[in-house]
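Look at the two complexes coming up: subunit A is in both, with subunit B in one and subunit C in the other.
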Partner chain A sequence: MEFIKAFIVGGLICVLVQILMEKTKLMPGRIMVLLVCSGVVLGAVGLYEPFQEFAGAGASVPLLGFGNVLWKGIKTAVDEEGVLGLFKGGFTACAVGVSAALLFGYIASWIFKPHMKKK
Partner chain B sequence: MQKGKQSVLFDKPIFIETVSSVVGKKESEGPLGELFDVVVEDEMSGKENWEKAESALLEQAVDKLLVKTRYKKEDFRYMFAGDLLGQLIATSFGVRRYEIPVFGLYGACSTFGEALALGAITVSSGAANQVIAAASSHFASAEKQFRFPLEYGNQRPPASTWTVTGCGAAALTNETQPVAITGITTGKIIDYGVKDSMNMGACMAPAAADLILANFEDLGVDEKYYDCIITGDLGIVGRKILIDLLHEKGHDISGRYTDCGIEIFDAASQNTQAGGSGCGCSAVTFCAYIMKNITGGKWKRVLFVPTGALLSTVSYNEGESVPGIAHGVIVENLSSQSN
Partner chain C sequence: MAVDEQKRNKNYNAYVEQVTPKASCLKNCVKAFITGGTICTIGQVLLWTFKNAGLNKDDAASWTTVCLVLGSIILTGLNIYPLITSWGGAGSLVPITGFANSVAAPAIEYKAEGEVFGIGCKIFTIAGPVILYGIFSSWIAGILYLLTKLWM
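Entry: the complex of A and B
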């Protein structure tokens, strides 16, 4: 059941973004920034956490989840360290994800060669 | 002889002695696949990066041209060549071993028209007896230059075009041959303020319309003067805009008009959205399909109009619009006149 929920919710988020890709002139980079920022806002108003508890990886893996992680990190850091936390919390919270992306991306570049798009 | 504001009719035609075309695998699977001289199956051409792969296309096209032509390499006094990459690296690295003096050209996807026009002017002036005109593009290097690296894996919107992997080269001469360049019309920069770099057909169609109208006016002719008018890479979107724009001015070209970007791919089965684009698109389509139809007598007189979208990633990121340019080249089969 957990898998099905994650699959459906994650898929629905992708469908919404696909509509943005095809029906608007937004460039992919902008759409990604939009997703991260939306995640931060949804986290801040307290909507994303219960949503993520319901959908699990379906909510935490898409970029909205990354925005939520940034928000949580900053909130924790501000609670503990005050204003300085603004500059620290986001990086602390996303350090694992970003480092893993760098590392695995680099490993992938050893193993795979670039190819043309087939279509 | 100067004609009107922006056209030239050559006193003596400039002949196209031979042409060569090199394409990638996808192009070879398209409707024109059978017509190309060389098909490069390996998209990397055995090189370690896309830029070198594109230079290799240019080398192969020039090599093939030098095999096909009856002139020696030393007979070619100049080469006019260009590509889409920053500082024309595909061209400069591609032609360095030939030791032929080079004019590097940038006209975005209109480069092949620009090369033919300048080559013809040079031969006409007596500055050279034989010159080479060439232009190349590569899907992967162009995506990297203008959009996103392929490794990033972004999606392509429906109005976007597919950069042709290929290079076309033509040998121009002052010695009589069946097919000749008899005149040119040089395009102005036309900017309708379109800002969507993924919809280049819409950016370039006004430039093509302006050029075709200027050609008609300068020469005192209309669309019936030509058997076919062929634009470079307006694609399906730009085609419709061009036909509409010219219709407003009282010219109906729809019956005698096509576009290299539409001809080169089968959009439905090859998933190329609006069609082919890139310097290589008009260059290989000209060197294979258009030359074949002119030599074969299907078309007696053609107005070849490669089109370019003059953007860079810098201008685009600074919020500039995407201006267009077009270069018109009149190509005729003169053999029937002498018969």
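Entry: the complex of A and C
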């Protein structure tokens, strides 16, 4: 059941973004920035956590979930350390995702050769 | 002269509009739904596996992220992820795998330009803005949260 929920919710988020892309012709980079910032806002107003409780990976795998993770990190850090937490929480929270992407991406650049773009 | 040019541009744009193949929005949405749904389901399977292995919720989520990122980057290196993107559209862009792809693809593509100005700079082409605005927006949200906490 939780797998079906993840499929449907994750799929629906992608459909919404697909419609947004078709209507506005926004570039992928802008879409990603938009998603992460929206995730932060949705997290901050308290909507994303219950949603993720319901949808599992359907909510945490899209970049909206990445934004929510940033917000959760900031919130925890502010609760624990006050003002200094504002400068700590974000990077702590996104450390795993960003480090994994950078490290594996860098290693991949040693291993793989550039490809001609197929279009 | 200027009028001529305007007219020519208008005709040209009309021509481009006419010859560009019209991809149906509905079809693209179905493809995005299937692609995005599949990636999220893979995420859910990983999450479930790590939870069953005895990890707590946060650690399981972190390991899921690591696995999805690694998988996406391997597919990027093998030149398979671009195929998924051209079929699935937003479905391959929205999940964290799309972010990983946008980190690895330019790093591989620009390695000929050198370690620092090739890989080092280009690896942040998309990751840079995402990290910057993610950190900035969460910082603002954190300030507001701190203020409301002091207020209450």
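In this section, the second predicted complex is superposed on the first by the 116 of 119 C-alpha atoms of A that agree within 3 Å, B and C clash if a C-alpha of one lies under 4 Å from a C-alpha of the other, contacts with A are read in each partner's own complex, and residues count from 1 in each chain.
The working rule: a residue touches a chain if its C-beta (ideal position, glycine included) is under 8 Å from a C-beta of that chain, and two chains touch if they have at least 3 such contacts.
Quick caveat: nothing in here was measured; it's all calculated off a predicted structure.
Engineer: So in the superposed three-chain picture, is A:K25 touching just subunit B, just subunit C, both, or none of them (first/second/both/neither)?
Structural biologist: The answer is first: A:K25 touches subunit B but not subunit C.
Engineer: Is A:H115 in contact with subunit B, with subunit C, with both, or with neither (first, second, both, neither)?
Structural biologist: After superposition on chain A, A:H115 lies in contact with both partners, subunit B and subunit C.
Engineer: Could you look at A:V33 and tell me whether it touches subunit B, subunit C, both or neither (first, second, both, neither)?
Structural biologist: The answer is second: A:V33 touches subunit C but not subunit B.
Engineer: Who contacts more of subunit A, subunit B or subunit C?
Structural biologist: C
Engineer: Which subunit A residues are contacted by subunit C in one complex and by subunit B in the other?
Structural biologist: Residues common to the subunit A contacts of subunit C and of subunit B are 21-22, 28, 114-115, 117, 119, listed in rising order.
Engineer: Under the definition above, what is the set of subunit A residues touching subunit C in their complex?
Structural biologist: Result: residues 2-3, 6-15, 17-22, 28-29, 31-33, 35-37, 40-41, 43-44, 56-58, 60-67, 70-71, 73-75, 77-78, 82-83, 85-87, 89-91, 93-94, 96-98, 100-102, 104-106, 108-109, 111-115, 117-119 of subunit A touch subunit C.
Engineer: Help me check something: in the complex, which residues belonging to subunit A touch subunit B?
Structural biologist: So the residues of subunit A touching subunit B come out as 21-22, 25, 27-28, 114-117, 119.
Engineer: Subunit A touches which residues of subunit B in the complex?
Structural biologist: 24, 26, 43, 50, 139-140, 148, 150-151, 154-155, 157-158, 165, 196, 198, 270-271
Engineer: Please name which positions on subunit C make contact with subunit A in the complex.
Structural biologist: Residues of subunit C touching subunit A: 25, 28-29, 32-41, 43-48, 61-62, 64-66, 68-70, 73-74, 76-79, 82-83, 86, 88-91, 93-100, 102-104, 107-112, 119, 123, 125-127, 129-131, 133-135, 137-139, 141-146, 149.
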